[in-house]
Every structure is written in C-alpha cells, then in structure tokens.
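Down below are the structures I want you to see.
Common to both upcoming complexes is subunit A, partnered first by subunit B, then by subunit C.
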Partner chain A sequence: MTVKWILHWTPTPGSVVNSQILSEISQCVESFVNAVKDGRWKATLTFYRPNLRDQSIPSEFPRDFLGISLLEQPNKYYFIIRGNKIILEADSTILTIMEKLQSYKSKVALNFEGVQYKMGDFQMKVVKVVPNQAESLRGILIEIEYLPLSSIEKAKPIMEEFLEVWREVMSKKSLPGHFTQTEPHFAEYKLPDNYTSQHTAIQYAAALAQLIQSAQLRG
Partner chain B sequence: MAHYAQSKVYESTNEGSKFSLLGCEALKTAQMQQQSQQAPPPHSTSTPPPAPPSSTGGSAAEAPPKQVALAMDKLGEAERIIADIRIGADRVLEALFVAASQPRHGTKPLQLFLKEDACMRRYLQDLRSLGKELEESGVLSESVRSRKDFWGLHMPLVCPDGAMVAYAWKRQLAGQAGASAVDRTRLALKAFTDQKRRFFPHLDYGLETNESASKKRCGSVESTVDPKEESSILKMLPDVLNYPSSNKLRLGSLGTVATEKVAVIEMLVPSTFRVVISLHPAGSTDPDAVAFFAPEESGSYVHARGFSVHHVFRHITDYAATALQYFLGNQVESSLYCLLHWICSYQTLFSRPCSKCSRLLAADKQSAFLLPPVLRPYWQFSLSKILSTISSKDHTSDITPAYHVGCFSEEL
Partner chain C sequence: MIHPGFHCHKSEAHKSPKKKSEAQSHLTPAGAGPLCRHRAAAVCLFPAPCVSSRRPSSLPLSLPSCVSRDLISSQLSHLAFLVRVISTTTPPSPCTLSLCCPVASEVRLLCDLEQAEPSWTVRHIGGAMRGAGAEQISVLVRTMVESKASKNVLRMFYLLGYKLDHELLRVGFSFHFSRGAQITVTVSSINKMLKLHATDEAVPVTPGIQLVEVTAPATAETYAEVASAVSFFCEYLAPLLHLSKPGISTGVVPTAAAAAASLMSDGGGTTL
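And then the complex of A and B:
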C-alpha cells in the first residue's frame, strides 16, 4: 500500500470549524499543483462502550475501544484500543457477531466523508468529520499520499517537503488555523515499515482523538 | 627443332587423343544430364511423399517457387557451359590439326592448344560443380528418375497434405498448395518468434519457467543491495566482461533470470525502485532496453520496454534511454557495467536533494507535478572511473549529483 499522512485542522483559539473553511481548503487543494478531482471516499469510526448490567465495574474495560471501517477495505473492520496500543484487523462479519453477542454497544458513530484529488504522483483527500445522524461539521482532515512508495521511512523526506509546499500555499490564504500532524507511533502498535490499512486506521483514530481533545479544550 | 616440335605434337596428340576421349565423355555426360534435366525439372523439386517437399533441399530458407526459378537458372547456365565445351572441343581439335599439318610454325600451335586445354578443363570443372549444386538442391535425384513409368512419364505426386496432383511442379509454381502454405506458415512463425524473442524476452521467460518464475521473482525481492554488497558484485562484472564467450552472467544476489542464456536482468533496490534491463542478443552483455518501476508495481507492463504508471519513474525511464545510448556508443565493451553503476546512483532518489536548488521536490515545467530530482548525469560513468572508485574503497559517499528536470537544463 502507498504511504499516507493524515493531518487534522487545528483552528486558532477562538475560531470555529465551519463549512466555509472547508470550502476554502478545498479550493486551495483544487488549485494546487494541477490537481484533478478523483472521486469520493468514506470511512466510519465507532466508539464502543461495554454493555454491562452492573455499571459499577467499568474500569476493567477499555474506555477508548474504537471500530473503524475504510472504503478501500470493504471486507475488513479494524478494532483499536488506543490506551494499550492494540490494533486488530478483523473480517467485516465481526459486526454481526458483535450484534449477536451484545457485549458492546455503540456509543458514538462518526463519518469521515472525503473528496479525493490527484496531482501527479501525489494524492490528497479533504475529509470532513460529521456525526452519523447529523450534518454538523465536527472537524476537517487532509490526507496526503505518495503513490510510488510503500515504505514509511523512505517516504518521509518526500512527504515532509510536500507538506512544506502545501503549508506555503495555505499560508497565502491566511485562514484561522493550520494543519497539524499527530505522531501515530506505529512502532508502539508493532506495525512494520510497509504501509497498510492498519496504519491508516491508526492515523484516523489518532487524528480524531486530537480533534476531540482540542474541542474539549475549546469548551 | 622440327623434331622437338613433332615430338611435342605427338605428346600433345596423345594428350589430345586422351583429351578428345575426355571431351567425348564430357559431351556424353553433358548430354545425359541435359536429357534428364530437360524432362520437367521442377517436378523433381518435390521428393517422394514421405519426405517433406523441397524446403528441406539445400536452400531451406527459400520458398518452393523461388527454388524452382533458381533451378531453372542453374540449368540454363549448365546449357551454356555445355555449349562452351562443344566449341572448346572443336577448337582443341582444330589446334591439333594445325599443329600436326604445319610443324614449322613452331610453338604457336602448342600455345594455342594449351590455351584451349585450360579452357576446357575450366568448363568441365564448372559443369561438375554446377551438377553438384543441382544435385544438392534436389533437382537431380535418383528417386525421381526412378519414378518414371514405362512410357517415361512421371507418376502423379501425392503432397504431404494428402492432395494428389498430376504435375507437382505446376502446383508449386502456382504457389497455392497446402504444402507450400505449411512452409510459409512455418517461416512466418519462425520470423515472428525471432522478433518476439528480441523485443519481449520476458514473455519467453514467463513461458519457460511458469510457476518457478513467480517464485524466482519472490526470491529476488528478498535480496537486498546495500552499497558494500553492490560494489563487490559489480567488481565481478569486469571478470565476466573479460570472457566475452561466457553465456552466463552471475550477478549473485541481484535478481536474475538464470536460464540457459540471460536475456533479462531485474534489479530491486528495496523500497526505492525496480529496474528491468533486457539484453540482446540473449547471453551477451549488450543492454538493449531499460525501464524503471516502483518496487510494488506488477503487471504485464513491467518489462524492459514498458512504462511505469508513476510520473517519477516515467521520467527516469526516458532519461535512461538516453544514457543507454551513450553507454552503448562510448563505452562499448563495458556498457552494461557502466549502466548498472549509473542505475545504482539512483538509490538516493527519494532522499538526495537537487544539487542546484537544494530541494527534494520541484514542480515539473510541463505538468506542474512535484517530482524529486530524476536526472543523474551519465557521462561521468566510464569503466576506468568506476574501477578507481571501487578500488579506493570509498563506499560511504556517493558523490553523483542529482538534478530536477528544470534545474538541469540550466546547468548545461
């Protein structure tokens, strides 16, 4: 799989994330480096909470148990426990098993809806984070992909420079905020250097965690 | 003097009588040959049914109608030689007569006689060799002559495809028969296979080794080419090049197609790129084509004349074609060696910034896409320079500069 970097939009303190910023960012991408719109993309993220009859012993169960599904892997479902740095790639039929078992209930479900752009050997996605049932925009992410490479280490200098160029372009627009990258700590999850969908899942989980954290900080 | 002349004349008369006998014999055989030749000669280009038709005779590469035409030409030539022999025989006898009747003319008749003698011998020699040629091409085969029936007519011919013809030569001249179609098809297939082997050597490779091919590819992916290993492997190449008759290129841990003759070399620099080089002819050390691909790229287009889907590798492949022509033209004996070394300089493709603008990514002028520095100058690579670099054990620094496409043209 080709290497992807996912960054999340951090608004400057005092400003909000709204659809106007999203459209500005999209415009930026579209005029950047001869970009061509390439299609839509979707992913879902679900927070799970243990279904206990007795609510008094929740500490044994992980608080941040997530499930992620990705468009590029329709037959897979990814479970992440961020606290213990565990990721599990399962078949998508695990969802039926979970329904039957009723051991975990879905607490919050979020959708990632993205538009993909292609520019030469690079690809970018502009992703908006919306809750499952509502339309309100909770966050913006961008995904950068370099197609020729699958090694995370090897792609690092290239991705860094691309990001620099991107940031230069963004700064011209003087939007209230900037994109930050959360260090995904792949090694802690015991993942290899070769990029896979598991890496993607971890990055999205990490980005979302950051979004939630910054949203909580903002109040 | 006269006595001498006379004795010479006697000798020459003896010779002459011998010669005249020879001459008669020659005439006889010539006549015989002519007779059998004048019976439809092209008929005999088709040998008896079990054997395949004339394509197996001497000039196998020519189609039957051409063989017939050639045979006719040769027979015409034979006729002319026979005519010359006849005239020559007359002249010889004349010279003898003159020598005998006018002995006081001295050596002049003798000279004349010797000249005619030489001519005759030459004609007979020509005729003999022509006869051999015709025999080889199947025009004069015993078997055909034996197929004459009582009336001197030739039996009808059964062609290999089962059809019966009264006059085989007519069928072949018309050029429509199943027999000649088979030959034409065979020749066409041979020509096609030769071209395919030259331009698509990887297809043959896939056919020959089927399952083991994919395993071989996996094997080559496992191997790594770190700088120390690479230089020691490339040290072996001068030894290989010194034995131009060797058919096998042993490139150690570099991925190879090690069948009878190496036709394709595939080199993988892990996580960076894969390069495919084809050699022509197979087993030689002359590179024919080179192409770069992403390490994970696979598909039927991944061969020495294919193009990657990624822009960066397409640019490099284009540039590599130029470099290849340079190496073939300037470093004739060591072109493969220099090419491989130049390819190895691309290990730093995604890490070394441009030597001009010091950045890793730059926008391509035409497409505006961001590309790493894809150009590495090739004229610095010559056998002597490479060997001196290796011998100085300088593995750590690869000093080849790198340029973006845009930065490079300004350097020139």
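And then the complex of A and C:
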C-alpha cells in the first residue's frame, strides 16, 4: 500500500467550517494540472463507550476506544485505543462479536465522505466529516497519496514538497484557515515503515481528535 | 464451534470428573457485574486448531491408511471419547451443532502456533439452543462467530477490561470429511500451562487421553440436515468411538483390531 498523509482543516479564530470552504478547497484540487475526478470514497469512525450499569461510576475502561471501517478494506475493521497507542486489525465479523459481548456500545459515529482525484503520481481526496445520519459539516480533511512508494520515510521529502505546492495553491484563495497535519506517531503504535491500512486508520483517528479538540477550543 | 465442556474417557471406561473436563480457559469481561452479561464469557486457548498432517508422538498404535480418502492417514491409539459432538459455523446465520450440556456464551482468543507466524482468531461461542426442537436432535446447537485478528488482540482485550480466565494448549490432528456436511474431526491432547503463556512447559490435563471433537458448520436453515449428517457420521464411528451427549458414558472399542476393521470398511460394513 502506498503512503498517505491526512491533513485537517483548521479554521482561523472566529471563522467556521462550511460547505463554501469545502467547495473552494475542491476547486484548488481541481486546478492542479492533470487532476481528474476519480470517484467517491467513504470511511466510518465510531466512538465506543463501556456498557456500565451505572454510568456515573468512574471506570477504568478506556474512553477513547474507537473503530474505523475503510472503503478500500471492506472485510476489515480497525479498533484503536488512542491513549494506549494500540490498533487492532480484525475481520469485519469482529463487530458481530462485539455486539454479542455487549461490553461496549456505539456512542457516536462519524462518516468521512470524500471525492478522489488522480493527478499523475499523486492522488488526493477532499473529505468532509459529517455525523452518521446527518448532513452538518463537522470538518474537512484532505488525503494526499504518493503512488510510487510504500516506505513512509522515503516518501517524506516528496510529500513535503507536494505539500508546499499545495499550500501555495491554497494561499491564492485566501481562505480563513489552513491545513495541518497531526503527527500520527506510528512508531508508538509499533507499526512498520511500510505503509498499511492501519496507518490510514490511525491518521484519520488522529485528525478527527484534532478536529474535536479545535472545535472544543473554539466553542 | 468448539464446546467448552467435554468428557474424556479412557478405554477402561474411566469417567473423568466433569469439573476437570470443563477446564477450559475463559476471559471474563472486566468489572464482573457491570459489564458481564454471561458467566463464562471468553476463552483463551494457546494455540487453537490442529494441523491435520501432524503426528502426535504419544500415539503408539499404527493403523493402515484410512477407509476414506478424506482421511489423512494417522496414528491412533486409545482414544479419549468425546461425549460432545460439536460443530462450527460462519456468519451471517451462525449456528453450531453440539452434544453437550447447555452452557453460557464465551469468547476465546485462539493462537495457531503451527504457522511460521502465529495467527490469531477471536471466537465467540453462544449459549446452547434450547427448546423442544433442541431436545429432539442428538446434537447441541450453538452460535459461533470468528474473526481473524492481528497479534495484539490479547493486549487489546486486556485494555478493554477483559481478564484472562485460563489458557490451554491443544496439540493434535484434524481430519476433514464430506459426508452430507463438511465434518471436521480433531484428535488432540489438551495441556495446561503451569506458567502464563509458557507453551513449552505445558502438561496434559488428562495424560494419555486425547479429546476427539466432531464439528460441522451449519446455518439456521440447514442445521437440522447437518445435525443428521453429524449424527450419522458418529454412528459410523461407533465401532471406534461412541459419541453422545455429555453425562452419558461413552462406549469403548474392545480391540484395536475392531477399530482398524471399522476404519478400513466403507462405512457399509464392506471391507476394502
């Protein structure tokens, strides 16, 4: 699997995320030379909470336990406990098992809905974050993928160079915000240098955590 | 689905105490009360499935090649007699067949040590099917769901608050048949580890006795047919093994020669 970077939109203080900004960002991508729209993409992230009889009792169970499904891995599911830097990749039947165990319940589910663009050796996705069964825009992400390489370290300088070009394109729009990459800390999750879907899951989880934190600060 | 409880009997018809025979490991959900909806929630087995080509060193007798080409030639000895016939199934309509006492559901983490890189499976086994229909069939039906998982699955369950109840090491053979259902027979020794995860220091739970399990996958629509196929298959094995519901003493094959003759026949009494 080839290397991806996921960045999240950070609005400038006082501004908000809305569909206008999403549209402007999409136009920036489409303005790239050779950019071709290449279909839609989706992922779902679910926050789980422990199923306690008395929710008021402080528990020792993780509160940052989440699960992610990715369109490109339809038969897999990824569980992450961010605080413990652990990711589990399992068959999607693990959801049935969790349902039967009833020890954790789904609390909140968010959808990542993206439009993919091909542009030579790169692929980009413009991703909107929306609650499950709702349309309100909660955040914007972009995913940059460099197709020739699977090594995260080797791809780093190339990705940084691309990012500089991207920021230059974005600056012409004078949008109220900028894209930020959250350090995914792959090594802490004991993931190898070779990129996998687990790396993708961790990045989306990290990006969402940042979006939530930013929203809370603005609120 | 592997049923947790089973009786192992020596050829002398010694009945193992039920408590020992149900010495399976369980991971229990953390916090006991608040999160625990079932008593014996999970099982951790080190490792799980047997490899059919493996020869157990503890089996002295040698039999000629088996009657069915489905069977891999193997060495058989005095067999532990499985009281329970169990079966596995896969989603989306999980249904298992088993001859055993109704038990609570459980979750197990299975590690296959036969591979170069150990692989892990999470297996949830539901409580037994009950009711008039269940009593009429000679096997027990239990739901089972499996999921392959990455190697940190045990750590993940610990972090989610689950506790290790116990762990066991299974070593043996498995055989696959197509007899009206996809039937798997496993013959294995069950070993306990005196120290946590110390598979090299495992000791047999019942020395000299192997557990024989007969399983077959089924769905909610097919379980009656599969139950019938499994029962018929058990009858076919009758000269060698008497498989019955738990609590009922199994029979013992009087001689190894009779066992060999049975396996060499085509199941219809004709010697090949």
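We adopt the following convention: the second predicted complex is superposed on the first by the 215 of 219 C-alpha atoms of A that agree within 3 Å, B and C clash if a C-alpha of one lies under 4 Å from a C-alpha of the other, contacts with A are read in each partner's own complex, and residues count from 1 in each chain.
Note that a residue touches a chain if its C-beta (ideal position, glycine included) is under 8 Å from a C-beta of that chain, and two chains touch if they have at least 3 such contacts.
Keep in mind that this is a model prediction, so the values were computed, not measured.
After superposition on subunit A, the partners subunit B and subunit C are seen to fit next to each other with no clash.
Applying the stated contact rule after C-alpha superposition, one finds that A:172 touches neither subunit B nor subunit C.
In the superposition on chain A, A:120 contacts subunit B only, with no contact to subunit C. In the superposition on chain A, A:162 makes contact with subunit B only, not with subunit C.
When the two structures are aligned on the shared chain, A:103 is found in touch with subunit C, with no touch to subunit B. In the superposition on chain A, contact is made by A:89 with subunit C only, not with subunit B.
Among subunit B and subunit C, the chain that touches a larger number of residues in subunit A is C. Taking Cα centres throughout, subunit A sits at the apex of an angle toward subunit B and subunit C that amounts to 80 degrees, reported as a multiple of 10.
Within the superposed three-chain model, A:150 lies in touch with subunit B and out of touch with subunit C [touch as defined at top]. Figure legend note: subunit B and subunit C, brought together by superposition on chain A, show a least Cα distance of 16 Å.
Shared contact residues of subunit A, touching subunit B in one structure and subunit C in the other, are absent. By the touch criterion given at the top, residues 270-272, 294-296, 308-313, 350-351, 359-361, 363-364, 367-372 of subunit B touch subunit A in their complex. Interface of subunit A with subunit B (complex): residues 33-34, 119-122, 147-151, 153-155, 157-158, 161-162, 165, 193.
Looking at the complex, you find that subunit C touches subunit A at residues 29-31, 33-35, 37, 41, 91, 105, 107, 122, 124, 126, 145-150, 152-153, 155-156, 159-162.
The residues of subunit A lying in touch with subunit C in their complex are 50-54, 57, 59-62, 65, 79, 81, 84, 86-94, 96-97, 100-104, 190, 198.
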